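Chain lettering (A, B, C and D) follows the sequence in which the chains are written, and residue indices restart at 1 in each chain.
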Amino acid sequence: MADLRIKIGTLEFRNPVMTASGTFGYGSEFDDFFDVSALGGIIVKGTTLESREGNPYPRMAETPAGMLNSVGLQNKGIDYFEKNIYPRIRQYDTHIIVNVNGNTVEDYTELSRRLNALDAIPAIELNISCPNVKKGGMIFGTNPAAAREVIAAVRQAYSRTLIVKLSPNVTDITEFARISEGEGADSVSLINTLVGMAIDVRAMKPRLAAITGGLSGPAIRPVALRMVWQAAKAVSIPVIGMGGIMNADDALEFIMAGATAVQVGTASFIEPLAALDVVKGIDSSLDSRGFASVSDVTGIINR
Amino acid sequence: MADLRIKIGTLEFRNPVMTASGTFGYGSEFDDFFDVSALGGIIVKGTTLESREGNPYPRMAETPAGMLNSVGLQNKGIDYFEKNIYPRIRQYDTHIIVNVNGNTVEDYTELSRRLNALDAIPAIELNISCPNVKKGGMIFGTNPAAAREVIAAVRQAYSRTLIVKLSPNVTDITEFARISEGEGADSVSLINTLVGMAIDVRAMKPRLAAITGGLSGPAIRPVALRMVWQAAKAVSIPVIGMGGIMNADDALEFIMAGATAVQVGTASFIEPLAALDVVKGIDSSLDSRGFASVSDVTGIINR
Amino acid sequence: MKKRIEDLTVTQNRRLGEGFFVINASSSQGLPDILPGQFVQVLVTDSPATFLRRPLSVHDVDMSTGTISLLVQIAGAGTERLSRLNPGEKINIIYPLGNSFTLPLKGERVLLVGGGCGMAPLLYLGRKIREAGIEPAFALGFRNRSRILDHDELTKLGEVFLATEDGSEGYRGFVTDLPQFRDKDWDRVYCCGPEPMMKAVAAACLRRGIFCEVSLENLMACGIGVCLCCIVPTTSGNLCSCTDGPVFNIRDLKWQISG
Amino acid sequence: MKKRIEDLTVTQNRRLGEGFFVINASSSQGLPDILPGQFVQVLVTDSPATFLRRPLSVHDVDMSTGTISLLVQIAGAGTERLSRLNPGEKINIIYPLGNSFTLPLKGERVLLVGGGCGMAPLLYLGRKIREAGIEPAFALGFRNRSRILDHDELTKLGEVFLATEDGSEGYRGFVTDLPQFRDKDWDRVYCCGPEPMMKAVAAACLRRGIFCEVSLENLMACGIGVCLCCIVPTTSGNLCSCTDGPVFNIRDLKWQISG
């Protein structure tokens, strides 16, 4: 058993493997398959102040080694979360982190304030990178001034661990990583999905009702890994890497590139045990090569 | 037989299918397999003023549904091209287009001027998007002011059809498409490769000697298609689409999104007949659905 | 009902009709309870064009041998790959998934309507209805005679009425044109098939006030209610067809149909 | 020699040793001329983790039956998939690719050195050398006895000297330690094997002034000289190992070896 513990800000995690927002529900959907408390953390569904219905169907298209989604933050809003979901999931013996979304800076701060009051939520992930909404979302994540403003405001409103989730749809990812660090974020997580599109040639129309969607899965892993590597070199706060991680070796690529932790996303759709397998696989991989702790290989390619 | 002819600037092409620079050599490498004159055009290897050795080995890594390359513009320079390659390839009965690269604006203009003198080269593709060189390349393609300067200078130096090849590693592809149009380009082609990376977990080092490389193949098709769709809506000059096209249906996705023509790249490594098959497949697909010409479906999803 | 991820062993893979096949696969640990209308998420290996699992309805269940049957139509690379599975090979599935059809009450007149791979869930549903002491009737629609699928198993459970669009066998027309559908006072109609068929059946049932459930085949990524890709607009908002469905009462759907 | 893209038919797929197999595949139109040292680019279907073709040396050629042999070591998903090919299945290859070994002159003393899948090109090379009236000798190196590959075919062509690292069979040590290698005045040495082996052989040959050609296994994308991914630094700059190679004279390579 290698020492898998890691820290994000002041928060300690059992291991560096979390599940990515929007791909693991609220965790309880996986209760039948395994004890989700074995994970480092669970980032729950993208949450907004108000209840949202999301984008019209179809919202999904399979692509080579990946998929597009245009869910658009369907969720029941913070009131419902507090009343019906929070009491249930707070029982998990792992960190439950809420992915925070909004149209305006005020939405983000108000929601963060509400979450600050929930003592079993030790961290939030500020999503300034959702490509599937008209307002808010990626607009904050692709514009440096807007990013700065919303991160600063949320930092004011939220006292616990603040993770900022970055968009890969930018020319220079390090700029946004640095802004996050500068405004007091405890960590950055990346990447969210790349904006993509697919056309049904027979029907001669886009496969998604929203036309464009977010590309996830192994297809994007090389891009994700490159950005995580760049971000990890650019900032000294911990970087949480994700994008196409399907197994422990994929996760180790991110860790060796400099990620302190990783998130497993789309993989859970295909293999519900994927995140657990990543935990186990990292452990045995470190063991078999004689590393005592995961930090021994973090960023090893940069040393 | 549907009418497959298309026009880029004043140049007419037999059909909308070309081969992407760096993936089809100088065309003659495919002589054993088929008559390359059946193609709309051939974009030859990235060429520079001086001879270049490119990046160190390893330069290639396979990734899910794609590959990374870090070739770095290895080529023998324009003198060698003029003397040894041009006489041979000018015989082809299709458009031979040279992909133009440089470190500085002067490199680009000087090379363009040299190519302006070669009467069997009816067009150049200005590559401001190579991710695999330290100087020049993508730096021009990700900075609006630099892009404007180099395109304007080359437009001055080159009187025939000018295609500008755009980098996908930007926040807003339409900005660069508009700059190209504004500076007098006859067309934009996109996308070049996405910057990516892969790590050999066993060896604990990057798979590419250059660490990062350019991602190509079907993995990037959704991103490429989205950018082509955006660019085609943003400018009125013809857009040449590429990125992961493996067959006629893939090509039709780009055409239906608004591309006037397409380029086949990585596919030729796996199936040397790929570009020819795309020509045939587009033809039979249009025929079987009763379209008289390819322009009947160009941008059809936007109508 | 606890969901499982399990490697079943293919025991048979049999052609049913042009482009259709039935896979039987058995569990070494015995099957969990499975309700009619539920589905499985199949992992398709060795198929580069198939990234996600593929949802397939439970066609039949044999608890005694621990065998589940899937009736599959070749629609693309994934189902094509499944059609080549040989007995002895493993097939990894997540199951049982989704809700189920509402079983009828004693004495009710029940019609099961399907076409093409929409026949898939009807066999097991018919079997369960029969076990509940009711004899179901079946109305099956096909393009033409050559498209008709082997339905011997259904015939064992109840009467089968056939309609073909060109009249090459059975009644000429759509299932909704069948006199046996039109003229009889059904208490419950269950339907699975191409969307136009389901909408026509739903419209007729709405008009005549017949209880009607349909099984939807929305595109799915996860099949377990976490991706929110498979949504169906209903009177209570967007619901997931993989957890709140795939079976829906037509009264809850926001289909643009005139009753 | 014109290159072809062709569907060959697998006629045999035989285990050679732990993790090694030999595929025989035949051409219905008859084989083109193939030189020793040339390779093929194999399309691997039904393997999601294999995007590009895989380069494999021509192991043997039988012009009379139009059959080509490939000796393959399972290294990952692509070769694993090939190991499961059944007789009768098609295998799409591009061939013949690359340059070739320089055949020896009458009367020369010739040693072919290999190990593991580096044995692949040596059989056909040995056969061609034998046809040219010279009896080649072979020096084969393996980790240990259990790793030794079946080399009956080589034995038919000339004497075979074995070395194992642990001495469990043949000479104890590396091929370069073999007395038959060390003590004899070879005119030409041809080598294919793991890089450390090739470098050791090259160093010894350089020192002793022996003509030596090695066959490199650089990563390749296209195999036909257009991607420029497979380059080898040589005294005449970066050359493509798929067209200027895979066979190189060690004098042209910029290997950091002390002669």
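Annotations for the structure displayed:
One rule holds in what follows: a residue touches a chain if its C-beta (ideal position, glycine included) is under 8 Å from a C-beta of that chain, and two chains touch if they have at least 3 such contacts.
Predicted model only: the values in this text are computed from it and were never measured.
The chains in contact with subunit A and with subunit C alike: there are none. Chain centres were defined as the mean of their Cα atoms; on that basis the chain farthest from subunit C turns out to be D.
Ranked by number of C-beta pairs in contact, the top chain pair is A-B. The centroid of the Cα atoms in subunit B and the matching centroid in subunit D are 36 Å apart.
We define each chain's centre as the mean of its Cα atoms; on that basis subunit A and subunit D are separated by 47 Å. A straight line joining the Cα centres of subunit C and subunit D is 54 Å long.
Shown for subunit C are the residues in touch with two or more other chains, namely 48, 50. In subunit B, the residues touching two or more other chains are 63-66, 217. The touch graph of the protein chains shown is a ring with every node of degree two.
Chain pairs that touch one another, listed by label: A-B, A-C, B-D, C-D. Subunit C makes touch with subunit D in their complex at residues 45-48, 50, 81.
Those residues of subunit B that touch subunit D in the complex are listed here as 22-25, 29-30, 32-33, 53-54, 56-67, 69, 71, 74, 217, 266, 268-273.
If you check the complex, the residues on subunit D that touch subunit B are 2-5, 43, 48-53, 94, 218-233, 237-238. By the touch criterion given at the top, residues 63-66, 68, 142, 169-172, 194-199, 201, 204-206, 211-212, 215, 217-223, 225-226, 229, 244, 249, 252-253, 256-257, 285, 297, 300-301 of subunit A touch subunit B in their complex.
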